[in-house]
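What follows is a structure written as structure tokens; I'll ask about it next.
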Amino acid sequence: MALTVLLLCAGAWLATSVVALAAARRSTATSLVYALALVVGAVALGAALDALIYSSDSIRAAVLPIGLPWLGAHFRLDALSALFLVVVNLGGLTASLYGLGYGRHEQAPGRVLPFFPAFLAGMNLVVLADDAFTFLLTWEFMSLASWALVMAHHRQPGNAKAGYIYLLMASFGTLALLLAFGLLAGPAGGYAFDAIRDSEPAAGMSAAVLALALIGAGSKSGLVPLHVWLPLAHPAAPSHVSALMSGVMTKVAVYGFVRIVFDLLGPPEWWWGAVVLTLGGISAVLGVLYALMQHDLKRLLAYHTVENIGIIFIGLGLALAFRANDMQVGAALALTAALFHVFNHSLFKSLLFYGAGAVLGATGERDMERLGGLIHRMPLTAIAFLAGSTAISALPPFNGFVSEWLTFQAVLLSPHFPQWVLKFIVPAVGAMLALSAALAAGCFVKAFGATFLGRARTAAAQRARETDALSLAAMFLLVLLCLAAGILPGYFMDALAPVSQQLFDARLQPQHLHAWLTIVPVLESRSSYNGLLLFVMIAGAAWLAAWVIHRGASHALRRAPAWDCGFPDANPATQYTAGSFAQPIRRVFGSVVFRAREHVYMPPPGQMQPARMHVHMRDLAWDTLYAPLDVLVGFAADRFNRVQWWTIRAYLSLVFGSVVVLLLVLAIWN
Amino acid sequence: MDHLALDVAHFLAGGLVLVSFMLLYQDRMFGLLNIFALHALVVSLSVAWQAHIQLAPYLYITAAIALVVKAIIIPVALHHIVLRLGIHRTIETVVGIGQTMLAGIGLVALSIMVMLPITAEAGTLTREDLAFSLSVILLGLLMMISRRNAVSQVIGFMSIENGLILAATAAKGMPLVVEISVAFSIIVALTVVGIFLFRIRERFDTMDVHALERFRGGQP
Amino acid sequence: MELIREALIQMAQLVLLLLLAPGLTGFVRSVKAKLLRRKGPPIRQPYRDLLKLIRKEVVLAENASWVYRVAPYVIFATTLIAASLVPTFATGLLFSPAADLIAIVALLGTARFALALAGLDIGTSFGGIGSSREMMIASLAEPAMLMIVFTLSLLAGSTQLWMVATFLQGPDVGLRVSLAMAVVALIMVAIAENARIPVDNPATHLELTMIHEAMILEYSGRHLAVIEAAASLKLLLYFSLIGCVFMPWGLAAVGQGFTAYAVGLGTYVAKLAACGFLLAVFETGTAKMRVFRVSDFLGAALMLGLLAALLLFVSQTT
């Protein structure tokens, strides 16, 4: 039932795309398309929730007679796909709602509207796919639809390059996945996932599949060093699409990784965990350090996606390591932590991109150095963005903290690994996780502070107006969900239990049974957390303190110019900017990680030019990996270019030579 | 071996690693000398404790030598030299302190990873002490390569020697004769280094050994 | 019955913290003054300051938003709640299952987040300096603190503070070098987090060197009082933490009689006095560092914490 509904929903989105193509010129098209997408999204979300919560133990499958004639298109709905469908459709729902309001600012609706529902359909179908062919086809469909959305504003500087790099990386990732599935299916060519599950992979092959899955899913989700496209492409799209790409599509990539490595590939080896953990830890720290160096609000958010994907992969790596050592409780805890972070990140990252979109719509600026003081002009957006910032910085009582706390608990369960390498990697990764959490808080103080606090730095920021009601509704829906997942995490963790049951045959104890809704991952004497109680106590203590002081002592208040050590009424340009805020952190970390160098130009006395400071930073991933690759490709292309000027005879001898060589190989092989 | 004996020995050996890190962290000349004295003190305490629990009285002599020579004579002598030469009191590092310490953590991890699996049959104490002493040796080497100043290179060298003593006592193998000859060689080394310091100071007016590199032949 | 008793202890602790916190700050100041051969204000001076400040009118900068007015209460409430979850004179607090040590660290993070935002709200350069430096310090101090938490919880097999305290009171601890590293790192973090010399100077108003004071430069009246109270509470929290974890003597356990609580209270005050005295001596004997030396200082704390955790991870099988 639920599967049928979901497939029909995908069909309905595709139909909406066609409608959008036809009606793109009409003025009502925007409302029509987003309203349709919203309704379909609500139905799909309901079906996914039903499948996850009420009937998670039953697995539904269907074969449609499309695609390859001997294979058909297999679809399947189990707990894992149901969870990711909830994430996808919740994101789709809020994006559609936001689009209803925000889409009115769109200058080129014809370039956005047809692809938006198609993108939603693509993501749903990837998660539902149950054979390699359907998976790859829908994966590519999803990539192309999102690429089209990235290219919606292709005339803006930088977007064309972003789209080009995205297209390259997406095709590269799909190629890796194609090879992975080829290896999984084996020589017999059983491309249905059921056939793959039943077959036993050879030892060397599963390592190759792991590497290919890391490349394929990692390049889509933005794992360092495959992240280079992400901070270019995600901000280039319209904001609600950025939210979908950063908050949701990266999760579909995580789904692809979990499906291949946890479900299809068979029992893991311990070193898989070590590899995934290390990559996750590096992504978490580098992602947030990159983010700190940005002054473009949307690009900052995109780099934070790299960080959060890193945190998710830390959880997944731990789960693999626990699983390989037959430590079921740890495996269930680490997987729950990772999946909970998947859910949480989709909430607050969407929320933050909507906020950034609202700022962009109101001021036309993405550069934080040209914003400021928006809390006075856009108070509701400011509240929503602040809630999102608190959540992503992993601060209680919001939801980001809970999933990072669970990840820490999983790290603390791990000193009993018998492998020496894991014994050293795990605490180091724990330190990286802690470092990234602390840096994220700094980064969002900067983002919120530079954008919303202080005084307006430009006229555009001064004239900003609060965004429309529908956009605000989408944002506050997410704020409520963030808060709910933060203060009632037990219910959300229970909803994740079927997934770990399905993958590991183990689950955490039911959380909603504990007194006062405390969450207890393993044992109460080991660790526990109660977001509800903390929230109530903090709110109560703050209110009580304010009440007592206002009642008992004084509530007088007078507005006056800022004191500022005796220099009031300075120019708004004297405020701390985003760049100056990040300068101490850049000095501490950047000189190593980015080879950051500062050059100060002081004009000689008497000359009127302004003094200038330039900061040069280099992306090591780009320098060490991509730039040599670029040189290599150019070199090879130059060499092969000569082939074009060969004579017919030379071409024929090339063909002849290859045939003879192949025949020789065949002869020797047999 | 009872619980307390093991704990104290572990604590002293681990403390030596900690003091090695303090040596890495320190960037002032006199602070460095004081911490080196502490390093030698911890070594001599550790050796004395080993003498106590291994019932090996000759180790007390080793401890006494370490205490007198390295915790008192050498720091005082170096202090004197530094004062005499009026050496610049801050130590220039080649790479930042944070990175050096991170590398140090890696070295400790490495030595534990190397030592513990291959000494699986030995007693717990011996294994830990061997791992810790290898860490101390590697940290001393790290200090020698990450500091430009000749005095801190000397101190790095001597902390390596402390690590060797720790290893030797833990392995229950070093005869007294060897120890005494090592102690003498250290004093000879100090003399040589002292003369060396006076000489380079006299020639180049600096303690930065970087200055020496310009006078090597055969290089552009 | 058990519930009522736990609730009573919790309430007693909350009241105790509120009463003691300004006194502790006053005590440290007065010891420092004595060490400098000054007469110094009496210990009760911080109480008087707070009472004076909350009765005064607030002068609010024209540009201040609601963030600026709400932040003091958020900072105060989160710090108070965090402090009330650290066992001071007795374990068995009613709310201790609500937050383990990691959550307590994160609650302090929430307070700092609010304070740093308040520093940016007016849009002056000093507030920005303070916030920016505070977050730089936090970016190293918080991981260092979490590595200390790791070390403790690896030893005790729990992140619950009362379990850690009970374990460290017990006989199977011994002299662990990891614990020594953790205590050194914790002291370094505590110094940095409480804006004490050599990281920051709580008494300075020299613009270029201040961090904490720069963020709260524009605050006045009751807002300032609440922030000052929160700062005192934070110092008390760190002392309680050091006392509870590394000097767990005298802590009254669950189900003990009245005398145990009296002893617990007495030793708690003694521990605070000892910590306060040592802090004052240390501060008097040290010079403030340059801001960019702080990163080395806290980096060393982080490395120590990491090394301590690493050694424990390794020794779990030996």
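Note that the chains take the letters A, B and C in the order they are written out, and that residue 1 is the start of every chain.
Simple rule for what comes next: a residue touches a chain if its C-beta (ideal position, glycine included) is under 8 Å from a C-beta of that chain, and two chains touch if they have at least 3 such contacts.
Computed from a prediction, not measured in an experiment: that's the story for all the values here.
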With centres defined as the mean of Cα atoms, the chain at greatest distance from chain A is chain B
Have a look at A-B versus B-C and report the one with more C-beta pairs in contact.
-> B-C
Using mean CA coordinates as chain centres, what's the chain B-chain C distance in Å?
-> 36
Could you put a whole-Å number on the gap between the CA centroids of chain A and chain B?
-> 48
For chain A, residues that touch 2 or more chains besides their own | 424, 588
Using the touch rule from the top of the page, what residues of chain B touch 2 or more other chains?
-> 96, 98, 109, 116
Going by residue number, chain C touches two or more other chains at 295, 299, 306, 310, 314
Of all residues in chain A, those that touch chain C in their complex | 372-373, 375-376, 379, 382, 386, 390, 393-396, 401, 405, 408-409, 411-412, 415-416, 418, 423-424, 426-428, 430-431, 434-435, 437-439, 441-442, 444-446, 448-450, 453-455, 516, 518, 524-530, 533-534, 537-543, 545-546, 549-550, 553-554, 556-565, 570, 572, 574-576, 580-585, 587-588
Spell out the part of chain C that touches chain A in their complex, as residue ranges.
-> 54-63, 65-67, 70, 73-74, 76-78, 80-81, 95, 97-100, 102-103, 106-107, 109-110, 112-113, 116-117, 120-129, 131-133, 135-136, 138-143, 146-147, 150, 153-154, 157-160, 163, 207, 217-218, 221-222, 225-226, 291-292, 295, 299, 302, 305-306, 309-310, 312-314, 316-317
Can you list the residues on chain C that touch chain B in the complex?
-> 174-178, 180-181, 184, 295-296, 299-300, 303-304, 306-307, 310-311, 314-315, 318
Please name which positions on chain B make contact with chain C in the complex.
-> 3-4, 6-8, 10-11, 13-15, 17-18, 21, 25, 96-98, 101-102, 104-105, 108-109, 112, 116, 124, 127-128
Any idea which chain B residues touch chain A in the complex?
-> 96, 98-99, 109, 113, 116-117
